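Here come two complexes built around subunit A, the first alongside subunit B, the second alongside subunit C.
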Partner chain A sequence: MTLPRALFVDDEPRVLDGLRRSLRGKRGEWEMVFAEGGAEALALLAQAPFDVVVSDMRMPGMDGAELLTQISKTHPEVARVVLSGHIEPDAAIQVSVAGHRFLTKPSDAQSLIDVIEQLLIRTSSAHQREARRIAGGVRSIPTLPEHAGDIVALLAPDANLSYAVRTATHDIGLTAKLLQLSNSRFFGERPRNSSVESIVNAMGVPMVQAVAGAGHQLWSPDVPDPAIARHLQTAWRHAVATACLVESVASPANRPHAQAAALLQDVGRLVCLSVPAGDPHSSIDLAAATRDGVPFRDVGVELLHLWGLPLPIVAAVSQRDVPQQPDASGLGVAAAVRTAHLLIQQTESRDPAVGTHEEELARLLSHPQLKAQGIAWPQAAEEASRQAGLWSEHDKP
Partner chain B sequence: MARVLVIDDDPAIRQLLTDVLEMEDYEVSIAADGLSAVRAVEAASPDFVVLDVMMPGLDGFGVLSAIRALDGEPVPVLMLTAAAEPDAGSRAWANGVDYYLAKPFSADTVLDLIDRALTRQVNVSDL
Partner chain C sequence: MSAGIDAHLLADSIPHSVWVLSAPATIDYANRHALEHLGPEHTDWNALVHADDRDAVTRDWTIANEWECRLRHADGSFRRHSVRLAPVPGGRWIATATDISHRETPAPPRQRDADGPDAAGAEEARAIRSVVMDDMAEGLYTVDGAGLLTSLNRAGAEMLGWDEQDLLGTSIHAAVHAPPPAGTQAPEHDCPLRENHPAGRSGQTVDDIFVRRDGSTFQVACSVAPLAAGAATAGAVVTFRDMTEVRRAELEARHDQKLESLGRLSAGLAHEINTPIQFVGDNTRFLAGAYEDMLELLLVYRECMTPALGELAWTERTQRAQAAEAKADVEYLATEIPAAVSQSLEGVDRVASLVRAMKSFSYKDSSEQTYADLNEAIRTTLTVARNEVKYVADVELDLGELPDVLCHRGDLNQVFLNLLVNAADALEGNGERGEIRISSAAVGPMAVIRFADNGSGIAEHIRQSIFDPFFTTKGVGKGTGQGLALARAVLDKHGGSIEVQSVLGEGTEFILRLPIDGRQGASA
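What follows is the complex of A and B.
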């Protein structure tokens, strides 16, 4: 059996020695290779495949951000971990575009081991390796052209906190990036159960602007094929409507994860369809919802796992199309998201790419948790759909 | 280690749940009445709260509304009620619990529910 391979990059031999010593216990489980800089790392990557690369940021010559960005293009299947000394928050955000996971030096060995072990876990997808190759190359998630105005307005000097919250909670890419950063150890201790709203409140407007700005340079300026553009607009509106509605469907403590999962439910589709036009190596099948034969959903789940989003969110996205049978003790996150999704399927914000499943919806709506709230669910769904429609319309060119 | 706060005036139930949860590596704290329960949630910020309805003084619903009024992100709450309170389930849901069980329940059912709520049973390799 071949062992998983991890590559560690730092310009200081002393630091590499320290890593070698503190990870000695893993020698039987991983093959570890150490490189004193970016050029050596790239040469090693060209010789044999790796599963994970862990890189310092400040290095003479090719710095860590440049190295990881290059790896994201030439070896997207390699999971990228930033292990950085203290850097200022805005520099950290620039770095965050290049990596999947982030740790600060000094980190205890166990934190590093935990992160590497998580990245070595493979999902059960039959297409896992291909899904990782597609998801691994993603450094930020594109905003559709009709919502680009929101990001531009967010970047304006007079943008206020409530505008930042509103934009972040409606933008799929910004939501994913903020959750990725907040769930890492980059900005201090990991929060327990943070909503995007509370992350924005804690970060403040300038930091959120920096996150949006760092990703914005990489967002594709337009979606080439009109059929794909329509398809993406539909999925985006559906996600926003579901996220609005699930606020009422999910219980208080499950709400933050349910809202994030609802907004990110089709992140795989967004990522797969934002491939540059004319990429000769890539084939999209809209009807089968696959890219290069890999289901969009598998790519989305792989991306959220790579980025280290909380497991309840990843699980709910993974189960979006799986019939749910919650027991009487409570809906939980995945069933709440599925219920909201099926309710929105009855409205103008439906996604024609998937079914309506009326029988399952009726069964879910008879759950005591939902019945006890005394909400007229079809009307609530119509209202959420209308809100999402207004959002989609408000800054069309 | 995830922290669970068990709020129940019945010492037998507190002991039973403490034993089962500690065996599964949860850090358990207890409160025997409503007022000390609210203080415990504020002070210890548990990851999960098990809350009995019938308690002298401030009852489970009173504790729930006090917990929900606290600043910060809501903590997951499992409410336990006696079978003799027919409307307790719908009252619990309407007042914003996350999980609900009617007595009698087995300790394993509670443990299983907490494991699921804190996604201990979800593995990336199953996705």
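What follows is the complex of A and C.
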């Protein structure tokens, strides 16, 4: 079996020398190649496949953002890591749409090794290559056309913090991007289970606007096929309703991850159906929920994994359609999301693409954690569904 | 008001323009200031007013008597003036105009006194005096040859907190230069406002600090004009303006500019430090591992040498040593360890020299000028701004023999930084890598420093605005438009000059000239 290949790009040869030496212990596990600039890196990529590229940002000639953007188009299957000495958040946002993971200089060898090893993990046993190719090319997740107005309003100079929180916690793409950034070193150390709300509060409105704006610029103005648009609206409403309900279902400690996972449960569907439509060879099978034969869910999980979202979120998204048997001691994130999902399946916000699994739901609702709360779950689900309905309706023209 | 002074003499000594007009706006009389600054050839006063302001002035003629409008100077330029009109007997008006083009914001019009000039039966000269003196925004006082106050206008009285009556016939020097709380009064013959009398020079502006009646102080800019009153010894007319706000605004603008460049620099400096720290860290970690490998090898060697092995064959010992050497990859370590050490030291040197340059760059000026090596200052600035420049341009230094220059080094560092960053910004996004050339040379008594770039150049129509405060062509958040304004202010302070030469499509050159021995008279 051939070794995984990693490409390191930096205009400072001393940095490359240092990396070569400090990563020497990995020479039996990876093949490492070093390039002193973007042009050289692209030439190397054209010669032989790589699994990971680690690039500096500011470089003379082609800079890192340009290089990584180019790689995202021509070699979407290569995982992209930024290793930059620039500390300004502006720079971070500029690269947030170009890279998958972000490390700051100075970073110790172990942090870099951890990130590279994570990116070499295969999330999909059956479709790894294709799932990585589809997910790897994604730089920004679009919002639905009827919610685009929310993003535009968020970008207005008078947008306030509570509006930013409300928009970010209801927008799948923005939630994913904020979680991706907050888990990188660029924004300082944060508790591992921050909620999107606390991330927005900590970042402040201008930064959230910059993140939203950077993603917004990449969206294609094409109007999706009406059947696909309806399909996505249903999935979106289902995600918002589940996120709303899971707040009550999950334990306080699990709540941030559970909410994020609930909102992101169908991110793969959103990505497969809306980005990039330009490839004539890509085939979508709505009934089988696959793109190019890869299940939407596999693409979504691969994307969240590439973006470095916390493992409990990735696991919960990956197991949404897997029957759960939670331990009596606690529900856990995945079972909480599954329970909320099945409860919403009983309401108007149901997703007709998947089943209702009443028996499993009854079993989950008899879990000690949920029984102890004394909440009338069907009514709570109806209320969450109603809220999601209002949210979905309010922007419609 | 003290009599016995000819009205025309008084009017001519005032550093503002004064006219006597008859209907419709015919100039009957113009004082010396008006003739010198606005030109002698005019008969129609309205012709002096900028075409765009003329409507407003003629429209408001009957309802208002105070405006701000642009007046044409003898050199053809239009400058903002504060203009007042006051009616005098005989259906005529007295117009006064004060050049306020240097002010940043128009001052709110002062409240008019309902009494106005005493029109009834007063002679023209008296009227001129009243209007000119009492209605001008500047403070004005006149003294006789002995320095005793002969008149003080209303604005002056308000500013000082004294009534004219209180001070008439007393030494004005004693009043406005009252001794500080812990100290003695400066002797009168040192008074900067008295110095000018004998020399008879007029139109000089003196920066001074006045003391109010309540003991508080304020910064003023004074203008002193000699005044000959008949056979008596020469007195003087002194006008003064409260500069507190102006100075505060100047200070703030400068502070903003420093913060702006500091913020930008600190991001770049962080990058310049983080990069060597990255490879110094990597190399040191490598060396730690290499040491382990070497030590392990050494222990094998030691074991091979130990007598405890007794009879063990020499071949067996060499085999063990060779196996250990192969495991440690001695060849690799032998080439890489020295390189890792020297590159680490190089990284440490880089950070150290950067920190030294930062310290030197942020050199805090005392109020006194000191002799400084400007070539060194340029190199220092280049070091701290390296990250701003290195991605867009190559910098070529052509620093000639330059004696130490008497200057405020910290201020000049700031100017060099502004010019360097501007040049880099001009080259950014030009597609190809630009070139910045910095040269220095001594030319006679002057140090001449040039910052040239081969960027796109500055269009002629904005070239005259680039030194204006708040003028910027950079995007929002990229510049506050203070950089070149500050550069000019600093050069002015040094008695030097800054000039720009630019050819569209070829590049721009800024030329700084500084007197090597400092500003003439600065040490006085």
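Operating definition for what follows: the second predicted complex is superposed on the first by the 388 of 397 C-alpha atoms of A that agree within 3 Å, B and C clash if a C-alpha of one lies under 4 Å from a C-alpha of the other, contacts with A are read in each partner's own complex, and residues count from 1 in each chain.
In the analysis below, a contact is a pair of C-beta atoms (placed from the backbone, for glycine too) under 8 Å apart; a residue touches a chain by one contact, two chains touch by 3 or more.
The model shown is predicted, which means the values in this text are computed figures rather than measured ones.
Superimposing the complexes on subunit A yields a three-chain arrangement in which subunit B and subunit C fit side by side.
When both complexes are overlaid on chain A, the residue A:256 reaches subunit B alone and has no touch with subunit C.
In the superposed model, A:19 lies in contact with subunit C only, and not with subunit B.
When the two complexes are superposed, the chain touching more residues of subunit A, out of subunit B and subunit C, is B. After overlaying the two complexes on the shared chain, residue contacts for A:59 are found with subunit C alone; subunit B is out of touch.
Once chain A of one complex is fitted onto chain A of the other, the partner contacts of A:107 are limited to subunit C, with no touch recorded for subunit B.
When the two complexes are laid over each other on chain A, the CA centres of subunit B and subunit C sit 100 degrees apart as seen from the CA centre of subunit A, to the nearest 10. After overlaying the two complexes on the shared chain, residue contacts for A:85 are found with subunit C alone; subunit B is out of touch.
The least CA distance from subunit B to subunit C in the superposed model is 21 Å.
Judged by the document's definition of touching, no subunit A residue lies at the interface with subunit B and also at the interface with subunit C. Listed in rising order, the residues of subunit C touching subunit A in the complex are 267, 270-272, 274-283, 285-286, 289, 336, 339-340, 343, 346-347, 390-391, 433.
For subunit A in complex with subunit B, the touching residues are 118, 121-125, 191-195, 198, 251-256, 301, 305, 311-312, 314-315, 318, 328-330, 332, 368-369, 371-374. Residue ranges of subunit B in contact with subunit A, taken from their complex: 45, 47, 68, 73-78, 89-94, 96-101, 109, 113, 116-117, 119, 122-127. Here subunit A touches subunit C in the complex through residues 12, 14-15, 17-19, 21-22, 24-25, 58-60, 63, 85-88, 104-109, going by the rule given at the top.
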